Amino acid sequence: MLGLAVLLILIAMALLAPALFPRDPLAIAGRPLLAPFTDPSLPLGTDRLGRNVLAQLVHGARASLAVGVAAALVAILLGMLVGTLAGFAGGIVDEALMRVVDAFQIVPGFLLALAFVSVVGPSLPIVILAIALGAWTGPARLARAEVLSIRERDYVAAFRVLGMHPLEIAIREVLPNALPPVLALSSVIVAGAVLTEAALSFLGLGDPNIVTWGSMIAEGRNVLRSAAYLSVVPGLALVVTVLGIYLFSEGLSDAISGRRVRA
Amino acid sequence: MTGALLSIAGLDKTFRSGGPEVTALASVSLQLRRGETLGLVGPSGSGKSTLARVVMRLIEPDGGSLRFDGLDLLALKGEALRRQRKRLQMVFQDPLAAFNPRTTVGHALADPLRIHGLVPRTGRPAAIARLLDRVGLPASLAVRGIHEISGGQRQRVAIARALATEPDLIVLDEAVSALDLTVRNRILELLVELQRQSGLAYLFVSHDIAVVRAVAHRVAIMERGSIVETGPTPAVVAAPQSEIGHALVAAIPSFTSRTTRA
Amino acid sequence: MSETLLRIDGLGIRYSGADAAALEAVSFELAQGERLAVVGESGSGKSTLALALAGLLPRHTWIEGTIAWPALGHPPVAGRDLGMVFQDPGNSLNPVLRIGEQVAEVAQRHLGFGWPQAYARAEHLLGQVRLPDPARLLRAFPHQLSGGQRQRVAIAAAMAATPALLIADEATSALDTIVQRDILLLLDQLVRERGTTLIFVTHDIALAAQFADRIAVFHRGRLMEIGEAGTVTTMPASPYTATLLASHISLVTPPLIDGAPT
């Protein structure tokens, strides 16, 4: 429940950002390095250039959540497709695809994203793709494992008997049934994607035209001793977001398993 | 033998899956005529389900021949095999496991119609209603989820799905073994009636020789991968020649004799 | 005159979240050493009754009425006073533990045996349930045995502490007719030798008639009738029982087909 509340607040923040703070969050709003809670019109103070911290925080929520969710979606789709095809086809196709998965899995996800963005250049779609490249192997393995078991079920045999093409069986009938365990993993993937995005922005590899929490933390790095709040506030936002995602997914899986009817 | 719909000769199948070898089929031969029900009876592990799956080309045999209406079924692959599948269909033991858990009755019945291009999309609801009617189910069942209906209804839908392509042969692999007895009997009556109407042939696999006696014209008894006895059902059941045949008959409970002390 | 082992009075059970009661107003008594068959179709409540007696109902299940154990003086302790065998031996046997350990553990825990003594007892029991080479089987895993053999192990484990009551919940429904009969003969012999009371849950009334002293017929949660096996099967008091009896296919039931194929 708590997780749901947190997430709803975040989503509201992200969606309402243009309404709450119509001006460009990167525009100068007041005098620089104003501490939080001193000026009612600037509740969280200003940064080194005098920009509104709260405005940046709220706009940053959009970027972080959008990138996190988008990257997770790409990772899941790609992973499910590869995992299902590998598990269903078996034999040499399975071997080949699993070696590709191995290759991607050997490199730590963050470093892979880092390398990709450095080479191709920082823009929003590239950042999303980069994060997905580091995260798709988990869903791929999970989907493949599930498909290996589904493959033996009578209904798959029934489809073969009906004369359905194997590709249609794999994608239309088997893949959706392999989804549940991957969905359970999805919240972890989103949380990881949010953090990876923040780290990329922190290192200056995010899209320079938008505000993200990572870029805010990077900005605050230089005045960490005198104006710690500049880094701490977006950092806290990250922590709350990730916690919220975890709590929400725990609550969701509890609710789903609680509804399971007795035999 | 001419005129046989299904002709099997010398089928072999050995499973080697990392453990000890298991000979599931040892040179199995049998014939099935049009419009006939051949009962395939045997204890667990006798190979009857393996044989059923080999006939349906779900499992590849190691050797032997399989001819369906004169066609060499083992030689077919890919698209050619998929086209021939219209003519042989299968009903499985567990009606729940035989369907995609997320499907509806209507979608399940539409699948064969769609795959083989038998009915254009506009004609499908009517075709589905006709199929449901043939198996004694109301057309309104089409919108229900497959898990929402009873076990007996589900098995009727499975039969309807098998009928959709107007096959010549339906393989029933322990198709009534998981049903309540009253439900089972109604399904058996349905199967016999469908056979009378359409001249369908059945390969009826079961471990219960009494049920086979009720529906099969001829019976083949299997044990450990081999067919040990075949013949017209009344003769075989009344006087089984094989030891396993005797055991199968003795295992049927009756009300007239109690096995243990009163 | 044997004592009353079990007295059920006005028992009603409803699972949380269910619209209908699983059992309603059930009352009967069971004498020590008696063999009672609980017969019914799906949804009759027969398995619910078994679970209730074994104390295996889920939390938050609504229960009314009483279950008394006069001869025991207290509710039965699972393993010591009561043994249970399920339809799927996978439910009774742990796939990652060796068979010897699972059977011996019952003796060790409920009879206070040391492990060497418990293992000796386990080996003896595996012989009693007519498994071949018990000494070697002690070290085997469940997946190395056939379904029928696993059920024998489950029975050995259930009987290890010589319980007063053995409940077999569809224990033979997943087995073929030959193995089913062997297992029932085994159960019959074991309970007779030890004076164990047996509750045998099944959907097959003919099977029940072979092995039970009394038969209790359940339908949609209600006890339709209970009486001597011979009486219930020849002069049923309830029309529902008559329906069940009529649904049995024996070797003399008229076949559904007539002679030659169409």
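Chains: A, B and C, in written order; residue numbering restarts at 1 for each.
We take it that a residue touches a chain if its C-beta (ideal position, glycine included) is under 8 Å from a C-beta of that chain, and two chains touch if they have at least 3 such contacts.
Owing to the predicted nature of the structure, the values given are computational and were not obtained by experimental measurement.
Chemist: Skim through the chains and flag the pair connected by the most C-beta pairs in contact.
Modeler: Per-pair contact counts point to B-C as the maximum.
Chemist: Which chain is most remote from chain C in terms of Cα centres?
Modeler: Result for max centroid distance from chain C is chain A.
Chemist: Using CA atom averages as chain centres, what separation in Å is found between chain A and chain C?
Modeler: Distance between chain centres, rounded to whole Å: 52 Å.
Chemist: Please work out the Cα centroid separation of chain B and chain C, and write it as a whole number of Å.
Modeler: Centre separation, chain B to chain C: 31 Å.
Chemist: Please work out the Cα centroid separation of chain A and chain B, and write it as a whole number of Å.
Modeler: So the centre of chain A lies 49 Å away from the centre of chain B.
Chemist: Can you check the complex and tell me which residues of chain C touch chain B?
Modeler: 41-42, 146-148, 175-181, 184-185, 188, 192, 203-204, 206-207, 209-211, 213, 229-230, 233-234, 243-245, 247-253, 255-257, 259-262
Chemist: Write out the stretch or stretches of chain B touching chain C in their complex.
Modeler: So the residues of chain B touching chain C come out as 33-37, 43-45, 151, 180-185, 188-189, 192, 195-196, 199, 201, 207-211, 213-217, 233, 237, 247-255, 257-262.
Chemist: Which stretch or stretches of chain B touch chain A in the complex?
Modeler: 53, 56, 58, 82-83, 85-86, 88-90, 92-94, 97-102, 111-112, 115-116, 161, 165
Chemist: In their shared complex, at which residues does chain A touch chain B?
Modeler: That would be residues 153-155, 157-165, 173, 176-177 of chain A.
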